[in-house]
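Below: one structure, written as structure tokens.
Note that the chains take the letters A, B, C and D in the order they are written out, and that residue 1 is the start of every chain.
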Amino acid sequence: MLRPASIRFAPAIALVTLFGLGEVGAQTQTSIDPAGSAAVIDDIVTGSRVLADFGVLDGFGHVSARDPNNPNHFLMSRSLAPALVTAGDIMEFDLDGNAVDARGRALFLERFIHAEIYKARPDVMAVVHTHSPNVIPFTISQVPLRAVFHNAAFLAAGAPVWDIRKDFGETDMLVRNPAIGRSLAETLGDKSVVLMRGHGDVAVGPAVRMAVFRAYYTDVNARLQSQAVGLGGLLNFLTPGEGAKADAVNFAVLDRIWNLWKMRVTTTLAK
Amino acid sequence: MLRPASIRFAPAIALVTLFGLGEVGAQTQTSIDPAGSAAVIDDIVTGSRVLADFGVLDGFGHVSARDPNNPNHFLMSRSLAPALVTAGDIMEFDLDGNAVDARGRALFLERFIHAEIYKARPDVMAVVHTHSPNVIPFTISQVPLRAVFHNAAFLAAGAPVWDIRKDFGETDMLVRNPAIGRSLAETLGDKSVVLMRGHGDVAVGPAVRMAVFRAYYTDVNARLQSQAVGLGGLLNFLTPGEGAKADAVNFAVLDRIWNLWKMRVTTTLAK
Amino acid sequence: MLRPASIRFAPAIALVTLFGLGEVGAQTQTSIDPAGSAAVIDDIVTGSRVLADFGVLDGFGHVSARDPNNPNHFLMSRSLAPALVTAGDIMEFDLDGNAVDARGRALFLERFIHAEIYKARPDVMAVVHTHSPNVIPFTISQVPLRAVFHNAAFLAAGAPVWDIRKDFGETDMLVRNPAIGRSLAETLGDKSVVLMRGHGDVAVGPAVRMAVFRAYYTDVNARLQSQAVGLGGLLNFLTPGEGAKADAVNFAVLDRIWNLWKMRVTTTLAK
Amino acid sequence: MLRPASIRFAPAIALVTLFGLGEVGAQTQTSIDPAGSAAVIDDIVTGSRVLADFGVLDGFGHVSARDPNNPNHFLMSRSLAPALVTAGDIMEFDLDGNAVDARGRALFLERFIHAEIYKARPDVMAVVHTHSPNVIPFTISQVPLRAVFHNAAFLAAGAPVWDIRKDFGETDMLVRNPAIGRSLAETLGDKSVVLMRGHGDVAVGPAVRMAVFRAYYTDVNARLQSQAVGLGGLLNFLTPGEGAKADAVNFAVLDRIWNLWKMRVTTTLAK
């Protein structure tokens, strides 16, 4: 029996079996859940909860994915704490940040982070924005974030710091329009992570799982680098060459940790 | 059916559905729960438990609100660990710190923190006093606490340190009378947060939710600033202009994180 | 109906209602549970679990109390991880560290810490030995542990560091005989806390609850002092005069936090 | 009744009573569970979960044991997150890292860490490889990891840092063949722990429980040493003589903390 999308999941902390999402999605044909996007939506939900569980996301921040059926659209939750996001909260946006079918739902002010990065980077299939607590000190420091260990290999190519004040003066710090989003996307360049001064960071990747993995290990790496700096003396970071090779391996073994993470947030849900 | 206030909640860790408090309160007419104050009492209870859950409050500290029905009174728990506060524990006080209807209940020694701030600051509707662990190092340091990121934007206006020894010599460190409370309120001035040397801090706001939000993000900001200082070199803090703008946005999106927090402490209660 | 002490509690993680212990004890007349000592035994059990819950104790360390019925004896668990201690595990020892009624049970090697302090300090009614993680760095450092905030007021009188190597050369670091215990007790002197180089610390007090309180806040204070030192510059510690006054208040309000802690470990047990 | 090995344990988070494993194993005769190895397999499963529970292991890393029935073989899980390892996942390998009976199961790329250490060190009965977060900063620092306290006594003999780049140039950082494993084993020498630059560490021991104990306390010691270094000034580490004596005691009291750990992960499983 088909149930309408709006009641498929209870709105709050529901006893959802995330694992069944793919099959359920394959049986429905709605604008927010076309064949093929259900797996991506499942990854957005899982990734949001995983990062909330780790404290990388608190009540703010968001995970999005390029729509697998339409590269000029992306999928992202309505305005909601990431720990509470369910498949039914995911909306569709065009690359100017307009909701395709808003139906009165509240939107994230900072959806332009996502829109402008998808516009500028055709290779990017997923974007994660966080107020990652261990990373924020690096956003106000002159010490660059560098790759301490192989799980954060993607940082070996560099992680630039973007300062909103440079182009936009004294603001409320938010990426609240396309122009600010474009400026951020330009600073990101071809990298995997960009730091936002006094705010947080953005991690991107070729899939939701990889963007979530990078958001998580950016936070871990920042914590380890802070500890290493505290020891004093010279530090022996990964070289760009090592980073490129190790990042390819991370992508290959990614599902081992993703399955663990998914099991954890699903178990939490079911308790 | 009306139940007397004293048995509305079990005295200890009760299976309270906090969400229903507003309606229940609206049906009762007692001196501690007049129409209109139930929502504020609910926020005091929720805020106390949220801050205890985060470790910002341990067994000590307190959350209060100006009485919405009488600006010359405020509402605050009887002497009790914040994690255990329920609506039935909230008492009413005048601005000299006298309990309106004590009925033999033990009072917090430091209620004068609250009384004197409400007296000095008509704009303040809520006060939170904590022994916030990440903030305490700044209370004994010459390094001022400054706004590291936009969620702690309210710190960009400055967070002065009050030293009880300056006016009162060697004491037991407690704000145990109106004169000491007045001295603290004077150092707070028009700011949102005041640090107390060798003791903790006080956060104020235009609503309980905002004072709790500020108490929480003062702790987070202190932790991040400590990490940033450890990296060495110059740091790029929020300007006062950025702080004022970002604080207004925080107030606007506050309910997104408040609802998450409330759900968490309610779920914990119901387990 | 009287049950023998050995089966009063299940040996492992049992669904014990700690609150009922006093009454149960009052009904039994055995050498390990004379009338009057049941409340003290309950505090040893609760304190062991509280400190384990906070990570101040891990699998090692111990909480003891002077026997309220015999000042020349003390009460302490058989050799067991503190998180698992129940009332049935508490044994009685004389001040030379001999078990009064061993019945083949394994003893803590380091019971001489307790025996020698009870011998040297008639005012001490309880002793806690931990490998408190935040304190251990101070045991190998030249930076003295000092009172950062009023909850750790007892540190304002000083917390000396004892180095076993000074009198005993290269050992296995353990206080495994009366002579080593005496050396430790001498360094403790009239203070509340003594640090043990490369090992941990000992906190004492006029009651189990106060010794546990001090063990906990010694750990918290060490963490906060480490953070404060990291900020750089001069630090403004509590004076001895402030410390003495604030410590008296801590003793007066101790039960507020003790009741919270006890409820927590009891709830954990009952889950 | 005998059940085939493949269904003895549910594949995911199962309600396994780890304590019964020995008896079950004694009744079966399969190539992965010969009489005598069941207790070792139980320790591998318990140790994997304990280290995952402490965050010493995340989704990666592994625990192995020399086969008690064949010193030229070792036992290790198929490729799986350590938190999910059950007895049914343990496979048998020869000292070249070949699986004795692969049956299509995915293997850990880095099994050569284990194979080459068992080859080089006949005294080693267990090997643990982690990305221990507190240790990683020391792998890129010039500050050597040293024994801060007696539970980490095994570090007093030294913990060398191995840099894969020295012999193998820019790699993906993984120990993916016997030659790299041999290089690592050579740097380990006769020590208990070797650090891997930009990667993690390896702890070895005369039994699984001791290798797990050392992996855990290497992480704790690294955290405490980082804090101690942050205090500034000279530090008073354990001497090699103290380390040797204290390590012998640790081995003697090991089961006290092992039983606590095992109870914890078993309780978690059964929830």
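By definition in this document, contacts are C-beta pairs under 8 Å (C-beta built on N, C-alpha and C of every residue); 3 or more make two chains touch, one makes a residue touch a chain.
If you're wondering where the values come from, they're calculated on a predicted model, not measured in any experiment.
Least step count on the touch graph, chain A to chain D: 1. Shared residue numbers account for under half of those found at the interface formed by chain A and chain B, and the copies are therefore classed as meeting with different residues. If you average the CA atoms of chain B and of chain D, the two centres end up 46 Å from each other.
For the pair chain C and chain D, the distance between C-alpha centroids works out to 33 Å.
Annotation for chain A: residues 230 touch two or more other chains.
Those residues of chain C whose C-beta lies close enough to touch chain D in the complex are 12-13, 58-60, 79-81, 83-84, 109, 131, 133-134, 136-143, 163, 165, 170-174, 197-200, 226, 229-230. By the touch criterion given at the top, residues 147-151, 153, 220, 223-225, 227-228, 230-239, 241-242, 245-246, 248-249, 253, 256-257, 259-261, 263, 267 of chain A touch chain D in their complex.
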